[in-house]
Amino acid sequence: MERCRMVFSGSGGQGVITAAIVLAEAAVLHEGLMAVQSQAYGPEARGGATRSDIIIADETINFPKVLQPNVLVCLTQEAYNKFYTIIRPGGTLITDTRYVKTQRKADALQKEIPMFETVMDTIGKPIVFNICMLGTLLAITEIIQPDSVMKVLETRIPSGFLDMNREALGLGMQLGAKYK
Amino acid sequence: MAIKDYIRERFFPHLWCPGCGHGIVMNGMLHAIEKLGMSRNEIVMVSGIGCSSRISCYVDFHTLHTIHGRALAFATGVKLGLPELNVIVPMGDGDALAIGGNHFIHAARRNIDITAIVMNNRVYGMTGGQFSPLSGYGTKATTAPYKNIDHDFDIAQLAMAAGASFVARTTAYHVKQMTDIIRKAILHEGFSVVEILTQCPTYFGRKNKLGDAAEMMEWFKDFTTPIGSKAKKENDDLIERGIFVQKEIPEYCEEYDKIIEHAMKGS
Amino acid sequence: MDKNIRFIQGNEVCVEGALYAGLDFFAGYPITPSTEIAEHLSSRLPRKGGKFIQMEDEIASMCAIIGASLTGKKVMTATSGPGFSLKQEALGYAIMTEIPCVIVNVQRGGPSTGLPTSVAQGDVMQARWGTHGDHAMIVLTASNHQDVFAITVEAFNLAETYRTPVVLLFDEVVGHMREKLVIPEPGVIPLVERLHTSVKDGVDYHPYLPREDGRLPMSDFGGVHRYNVTGLFHDMWGFPSSKPEIVQGLHRHLVDKIRNNVNQIMRYKEYYLDDAECVLISYGSSARSALHVVEQRRPRGERLGLLELQTLWPFPYQMIKDKCKHAKYVLVVEMNAGQVLRAVKRAVGDPERVFLANRVDGVFITPTDIRNILRIIMGKGA
Amino acid sequence: MAKPKLKEHRINREWCKGCGICVHFCPKSVLELDEMDKVVAARPEDCICCKLCELRCPDLAIEIITAEKE
Amino acid sequence: MAIKDYIRERFFPHLWCPGCGHGIVMNGMLHAIEKLGMSRNEIVMVSGIGCSSRISCYVDFHTLHTIHGRALAFATGVKLGLPELNVIVPMGDGDALAIGGNHFIHAARRNIDITAIVMNNRVYGMTGGQFSPLSGYGTKATTAPYKNIDHDFDIAQLAMAAGASFVARTTAYHVKQMTDIIRKAILHEGFSVVEILTQCPTYFGRKNKLGDAAEMMEWFKDFTTPIGSKAKKENDDLIERGIFVQKEIPEYCEEYDKIIEHAMKGS
Amino acid sequence: MDKNIRFIQGNEVCVEGALYAGLDFFAGYPITPSTEIAEHLSSRLPRKGGKFIQMEDEIASMCAIIGASLTGKKVMTATSGPGFSLKQEALGYAIMTEIPCVIVNVQRGGPSTGLPTSVAQGDVMQARWGTHGDHAMIVLTASNHQDVFAITVEAFNLAETYRTPVVLLFDEVVGHMREKLVIPEPGVIPLVERLHTSVKDGVDYHPYLPREDGRLPMSDFGGVHRYNVTGLFHDMWGFPSSKPEIVQGLHRHLVDKIRNNVNQIMRYKEYYLDDAECVLISYGSSARSALHVVEQRRPRGERLGLLELQTLWPFPYQMIKDKCKHAKYVLVVEMNAGQVLRAVKRAVGDPERVFLANRVDGVFITPTDIRNILRIIMGKGA
Amino acid sequence: MAKPKLKEHRINREWCKGCGICVHFCPKSVLELDEMDKVVAARPEDCICCKLCELRCPDLAIEIITAEKE
Amino acid sequence: MERCRMVFSGSGGQGVITAAIVLAEAAVLHEGLMAVQSQAYGPEARGGATRSDIIIADETINFPKVLQPNVLVCLTQEAYNKFYTIIRPGGTLITDTRYVKTQRKADALQKEIPMFETVMDTIGKPIVFNICMLGTLLAITEIIQPDSVMKVLETRIPSGFLDMNREALGLGMQLGAKYK
C-alpha cells in the first residue's frame, strides 16, 4: 500500500484524538499494518485547535510527524484556518459542513460533508460524531476495513454503547460513499 | 480603577477551561484589590507552576511566574528585599502543599507579610488530573484509579499550627465572602493564608462524577457552613468557611528592621 | 490478533518494559511529558502485587525508591527536566551507596520550565554530570517502541549488574507517540535478578566488598545481615571512613566499575555503516529523522549510514572512533546545542570532519533539516 | 446608597466560554446560553443588578452596567 | 537481649560531645526496644544528616544513614517495600523540620507506620550552632548574632495538624517517660512522632548561656509539665510533656494492601 | 598596622569581597565547608542595612535571592556539594530569566555526603552542566585570598554585565585556611552596577530585548514598569511563548551572550609561561601546590610554568591552546578524576601530551604528588 | 517484685566522657568524677539502685548490676 | 628569615587553634610577615586530636599545609602519639609534662615543659594554658615578638582578661627561656 499521512483536527471535546488512535490501532492490531500516531500537547491544545497526526503504512515508519498530509480532516473553523495550508497537493481535505466554511484555495480534493448534521439527525448524540467521521474517512480512503475499527471499539467502549458506535460508523461509511 | 485596568487584556480569553474556578478567584482577587484602591505598581504577584499559577500572566502587576512549589521562597526574597511592596502569592493545592509544603509552613512560621491564596481544586490540574494532598481519601484521579488512600491536609489547621497569623477559608461559590476575605488578608500585616475551594470540572469533577462547574459550585454551597455555625455542630462533615484566626504577632520584615537598627548602632 | 501486540504510547512502553523486567515499586511525582508512566503504573503495579506511591515531590520519590530497593525490590521513578534537576542530590546518594534503581527522564525543552510539552534532548550532559562530586553514570536511550521496551529491560539489568542507578533518557516524541509494540514472551529477554549474598547468618557479610567478578552481592533489609548504608565515604561494611586509602579505593571503584565495562554496557544500532562515506550519529527520536534520510537517500546512491546510540554514558568513544574511521563526514543529529557533538568530536580525533544538524526551538527535527546540513557539508551549496 | 438601575449587560462574547455558571446562579433567571454557547441576557427586565453573574464569571466576560437611580 | 547487644560496640565511645542529649535519647530508645523484646533483624533505622542522625551507625539494626532532611522519604520506601519491618527514624530538629519539613508533614498525612523521633536540641549541632526552626524567638546562634527573629514551630501541633495519629513530647531529663513513650510509639500502628527536647551544651547551651549539660536538663525539669497539668494552667509558658494524641486511623501500608487485593480481583 | 590588612579565612574573604562589590542580600542554609560565609554575613549585612536570611533549605535560599535581585539588590547564596545539587532547578530559572546573582559552592569531597570536611574539586563539570536543558554558565575560582577577594567582586560584576547567575567554585582549603588579605580602598576595583532602563513611565519597556551592546537593562519590581518574569520560554516582554522563532532566539541569546564573550569573561594568571617546556594548568587550592613546584624547580633550570585558571566556564579553549603551543608537556593539576583535564585535552588538540596529576582521597595534593608525575612524564623514571 | 540489691556499678572508663550528668542527678549523691574526669561510685553503699544514672548516661558508660533480693 | 612550619596539636578544649591563629595573625598584622594557618575539621577533630598548621615566612607561601613541621607542639598524649612521627629531622618537639609521656624516638630537640603545671600553680586558670604555650614557643623559636601577640590579644579578648593573658604569655616566655 501507499503510505498514508493524515491529520485530524478539531476542538478538544470532539474526540479527534480518540478517532486517530482508534484508526491507527485498528490498522496495527487487525490489519497487520504499521502506524504511528502523535498529537499536540500543551496549553495551545487546551483552548484552541487540537491536532493528531497518523501515518499508516505497510513498512517501518521512521519520521513520525506529518508535515503534509494526504488526508486532512478539519472539524472546526479554527482548525481549518490553522491547518488547511498544509495539505499535500492533490490530497483530500474533509471538512464538516456544520462547523467549517471553506475558502476554495487548497490544491486538494475538498470534501465538505454534513457529518455532524447527519449524526444529529439520525442518532442525536454528538458523542459519536468522531466515529461517524471515521466511517466517512474509511469509505473515502479505503485504508482499512470498518470491521477492524469495530474490533478496537469493542475493547474500548462499554458494551451498551457499541451499537450506537456501529451505527455512527455505518452512517459515516454511507456518507463517505456519496462523497467519494 | 476598573477591574479591566488591572488585567492584561491581550491575553484574554485566558487558557483556563470553561467553568474553571481559578477564573472566579482571579475575579474576586481583582475586586478586592480594586476595593482597596491599590495601584498596580505596588503589587507584586508571585506564582509557581500549575493552572492556578498562570494567573500571574493575566494581571497587570509586577508578576513573577516561578517554578513549581517555590513561589513563597521567591516571594520571601521579594518581600524582604523591598518590604513596602504588597506581595500576593496565588497557589495551587499541589503547588502550595505537595512540593511546596515546606515553604508554606516556613513562611507561616516566620510570619512574613505575604498573602498566600491557595486555589484548592483538590487535583493537579495542569498535569492532567493526578490526585493531590488535598484530594481526600476515597476520591479518584488518574493516579488513583482504584481509589485514593492518601488522607488530605486541613490547610487551615496546618497553616495555624505552622504559625500563620491570618487564616481563612472560602469557596468559588461564595464570591462576596471571597472578595471580603482577600481584602482583609491583603491588609493583614503578617503571613495570611486564604484557602479557596475551586472547581476543576475537567479533571476532579469528571473523575469523581461531580457534574459541571455549576453543580460543583452547588456542592460548595451545600457542604460548607460559617465557622462555628449550628449546622456544623449538627453535621461535622460540613466544611467551615470564614476567618479562623487573625492575630497580631511580630512580622518578619519589621523585626529585621529592628535588627538592622540594632546592628548599625553597635558597629 | 496477537495478544502480545500493542499500540501504545512510548511512556506506556516503558511501563511494559519495566514490568517485564520485574518492576515491583514505583514512586513518582507527575510532570509533563513523563506523567503517563506514573498513571499507567498506578493501575498496573497493584494488579501484580507491586506498589505505586505518589510522593510529595521528586526528591522524595527518588529517596523512596532507594529505600524500597534495599528491601529487595526492583524500583523506578520517572520525571522530566525540572524534576530530574531536583533528584540530583539523591541520585548521587544512590551512586555512592550502590543501590540499583532506574530513573526515567522524558526530556522536554529547557532550561527551567522551558517548553513543557515540546521535544528536546537538552539533558544529555546533565544526566552525566548533574550531581556533585566525581562519579560515573549509565545513561540509555532509544528511538522506537520495540527498542524502548528492550532498553528499559536493559536498564534494570545493568542496574542490578553494576549496583548503580541507571538513567533512561527519553524525549517527548518517543514518550508521547503511539506505535506498535510486540511484547516478547517471558524469558525471551534475559533478566538479571538481584544478586543476593550467599554468606550465612552469623558470618561477616561485606556489603561493599566486590566479588572476584566485580559484582557486589546484596542482602535485603529485614534479612539476617545487618549492615550500614551511608552517603559518606565508607569501608567494606558500609561504615563511614575518611581514611585516604579507603576513600580513594571507593572513588576508583565507583568510577571504574562503569568505565572499565564500557564494552559490556554499550548498546547501539547501525544502519549501512559498512561503506558509509557520511556517518550520521543520532539517538532518541532524532535518530528516526536521521534514519529516514539515510533510507531515502541510499537508493539514490548516496553513501549515508546511521550509528544510533542507545548507551549515551559511558560514552563509547572507541566504538565511535572505529565506526567513523573511514567516514569522510560525521554528522551528529540531535535536539540540543551539540551535547553529543562534543563527545563525538573527542572520539573521532579530528574534529574538523564532524558536523551538527540540530534544532533547539521545540520543533521536532525533520529530514529536511538534516538534508539541508548534508547539502552544505557535502559541498553541494547552501 | 441609591438602588442601582440596569443600563446594560455588557457581555464579551469573545471571552465567554459558555460554562453556564452565571446562568445557573442568576437569582432571577435573566441569562441564557445561545446556540453558540455564549451567554445572552434573555430577560434583562428581571435583572436586579445583584452583580453575582459578574462576580462569578471565571472569564470576566459579563459586566452589569448600571445607572444610579436618584 | 541486653542493651549492649543492640549496639555496635566497636564504634564506642561515640562522637557526640560530653553531655550531649542525643546519647540519652539513644539510651532511652534502646531501653524501649529491649522492653519490647524486638529482634535486631526486624528493625530498620533510617536517619538523615546531623549529629542526631549519626545514631544509626551506633545501633545494630539494619541502618540507613541518608541525606539531610530526607530520612522520612527513604523510610517511606523501606516501609512500603516491606511493611512487616519496624521502621524508626531518629531526626534532628533541623533535619526533621527545616529542610525536611515537607516530608515530615506528608508522612504524617499518609499515616504510614513509621516512628519519627525528633531530637530537638533547638540548633544545627553538626554544622556548628546555627539557629534552627526550633531555636525560638530571641535566642542566639552563630547565624543569629544579634538575636533570632524567627518564630519556632510547635512540633506537636504541626504533627497533629498534618495528620499524625500518635504525637508525644518528652525530654532527655524525663528518661523513664521517654522510654515509655518511645515504646508506645513503636507499638502504635500509624505515623508516630515523639519530640524529645535534648541538650546541645556545645552550641545551644554555650551561645545562650544555659550552663552545662546537667543544668540544661534541670531546665527541662523546671520548664515542662505533664499535659493538662494545673501548673500549665497557672503558667502558660510551661512546655507540656506526654502523649497529645493516640488514635486509630487507616494506616497507609494496610490501605495499600487493600488496593492490591482489589486490583488483583479486578484484573 | 594598616587597618585594611586582615588575617582571615577564605570564606570570610569571600564575604569581604561580596560586601565590597555591594552585596545587599544573602539567603542561605548552613553546610560545611561554606557555613562561615553565612555566619559572617549574618552579622555584617545588617550593619550596612543589608539583609541576611537563613531559609529552610538550599532550594528556598536560591529562590529567595532571585526574588530579592528583582527588587534591585545585589544578591548571593553560598553552599557546598549537596546543597549545590539541590539548587540546580532554581539556578536554571535564574539562567532562563536572566537574573543577576552569585552562587558560592565551597566544594567538599563527593559524591553524596562524601567527605564533608575534606578538600576536593569534583564539582567543576556539575557547575557547568548541573541544571537541565541547554544553557551556558560563568564559573570562577581562585587560589589565594587576594584573588578570592578580587574574583568575588568580579563575580558580581559579571552577573550584572551579562544578567546571569555566576558560580564561585571554591574549595575547602581555600575556604578554611587563613592568610593575609589587603582590602583595597573603595573604587580601586571598579564595580558594575545594576543597569536600569532609561525607558520612561508609560513607554513600552522590554525586559528581554538586548540593547545594541548586548546588555539588558532592568527595571526593579515596584518601579513604573510592570512586566512578567517566567521560566517558560518567553518573548521580549517576558510573556510565555512557544513560537519556534522566539524559542530559538532566546536559546541562542542565552548561550551566545556567554560563549561569544569568553575573552571578556576569561580570567587567569600565568607564571613563567614564556619559555615553559612543561605547562602546569591548575586552579583553586591545587594551583598553590603547582606553583610551589614551579617556583622550587625553576632555580634548578627546569622549564616549568603555571597557567592558573580563574574562569573555569566558559572554558578558555583558545587561550589555553595558545599558551600551550610551545609546551612539550601539559600537566593538569586538580583534585578530581580529571574534569578540567578533559577540557584541556580538547583545547590543546593533541591529547597525547596532556597529563594529569590528581588526588581524589580527600587529602590536599602535595608538591611531591606533582613531582612524582612530572618525573614519570618527563621520562626520568617512575 | 523483689527489691534489687546492688552488686556493682559497672563503669566503662573508656566510654565515660565525664559530662557529670549522672553525678548531678543521682538522688543519693553516690557518684563523683575523679581527677581524670571519669565517673566513680564514691559512696556505693548509699545507692538505691534507681538506675537513673544508667538511663541518663549519654555514653552508655555506667550500668547498675543488681542481685535480686529474695 | 627562614620559613617556619609549625603544627600545634592537642584536644578540642585546649585552645591550640586559637593559639595558632593568634600567632599567625600577629606575624602578619604586626611584623609584616606572611603566614598561613589551617586546621583539621571533621568529626575526628571533635573527639580526638585537634591539629592546626601554621607557616610563617617573609615571602609568599604557596603550599599551605605542613607535612614536616620544624616545630611540633603536642598538648595531649593522643596528639603526641598521632603526630610525633611527622617532625622534621632536627626540628623542635614541645610537649607538656602534665599530659604527655614521650617515647625517645624522634630525631628532634625534645622539650618536655611543665607548661600546664606552671600556669595552674601561678595563675590557676587552665584557660590561659594555650597562651602560656605560645610564650614558651616564642622564647624558644624567637619567631616573632611577644608584643605582637599581645596586640592581637587586645583585639580579641575582653579587657578584663588581658592582664591574665599577659601574665601567661610572660610565664611561657620565662619557661621557654629555661628550655631553650
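Lettered A, B, C, D, E, F, G and H in written order, each chain numbered from 1.
Criterion: contacts are C-beta pairs under 8 Å (C-beta built on N, C-alpha and C of every residue); 3 or more make two chains touch, one makes a residue touch a chain.
The model shown is predicted, which means the values in this text are computed figures rather than measured ones.
**Q** Skipping chain B entirely, trace which chains still reach each other through touch and list those groups.
**A** A, C, E, F, G, H | D
**Q** Which chains are in contact with both chain B and chain G?
**A** Both chain B and chain G are touched by E, going by the contact rule given at the top.
**Q** Approximately how many whole Å separate the CA-defined centres of chain E and chain G?
**A** Those two chain centres are 27 Å apart.
**Q** Can you work out the whole-Å distance between the CA centroids of chain D and chain H?
**A** 86
**Q** From the C-alpha centre of chain B to that of chain H, how far is it in Å?
**A** 61
**Q** Using mean C-alpha positions as chain centres, tell me how far chain D is from chain E in Å, no decimals.
**A** Computed value for the inter-centroid distance: 57 Å.
**Q** If you look at chain G, which of its residues touch at least two other chains?
**A** Chain G, residues with two or more chain partners: not present.
**Q** By residue number and range, which residues of chain C touch two or more other chains?
**A** 32, 43, 46, 56-57, 59, 82, 89, 93, 112-113, 116-118, 230-232, 242
**Q** Can you tell me which residues of chain E touch two or more of the remaining chains?
**A** 13, 17, 67, 98-99, 101-102, 106, 133, 146, 150, 256, 259, 262-263, 266
**Q** Tell me, which parts of chain C touch chain A in their complex?
**A** The touching residues are 1, 5, 7, 32-33, 116-118, 172-173, 176-180, 285, 288-289, 291-292, 295, 364, 366-367.
**Q** Provide the residue numbers of chain D that touch chain B in the complex, in ascending order.
**A** My answer: residues 14-15, 17-21, 23-25, 52, 55-61.
**Q** Can you name the residues of chain E that touch chain F in the complex?
**A** 49, 67-69, 98-99, 101, 124, 126-128, 130-131, 133, 142-146, 150
**Q** What part of chain F is in contact with chain E in the complex they form?
**A** So the residues of chain F in touch with chain E come to 29-32, 35, 38-39, 42-43, 46, 52, 54, 56-58, 82, 112-113.
**Q** Looking at the complex, which residues from chain C come into contact with chain E?
**A** Against chain E, chain C makes touches at 24-25, 27, 43, 46-49, 51, 53, 55-57, 59-61, 63-73, 75, 89-90, 93, 220-224, 226-232, 239-240.
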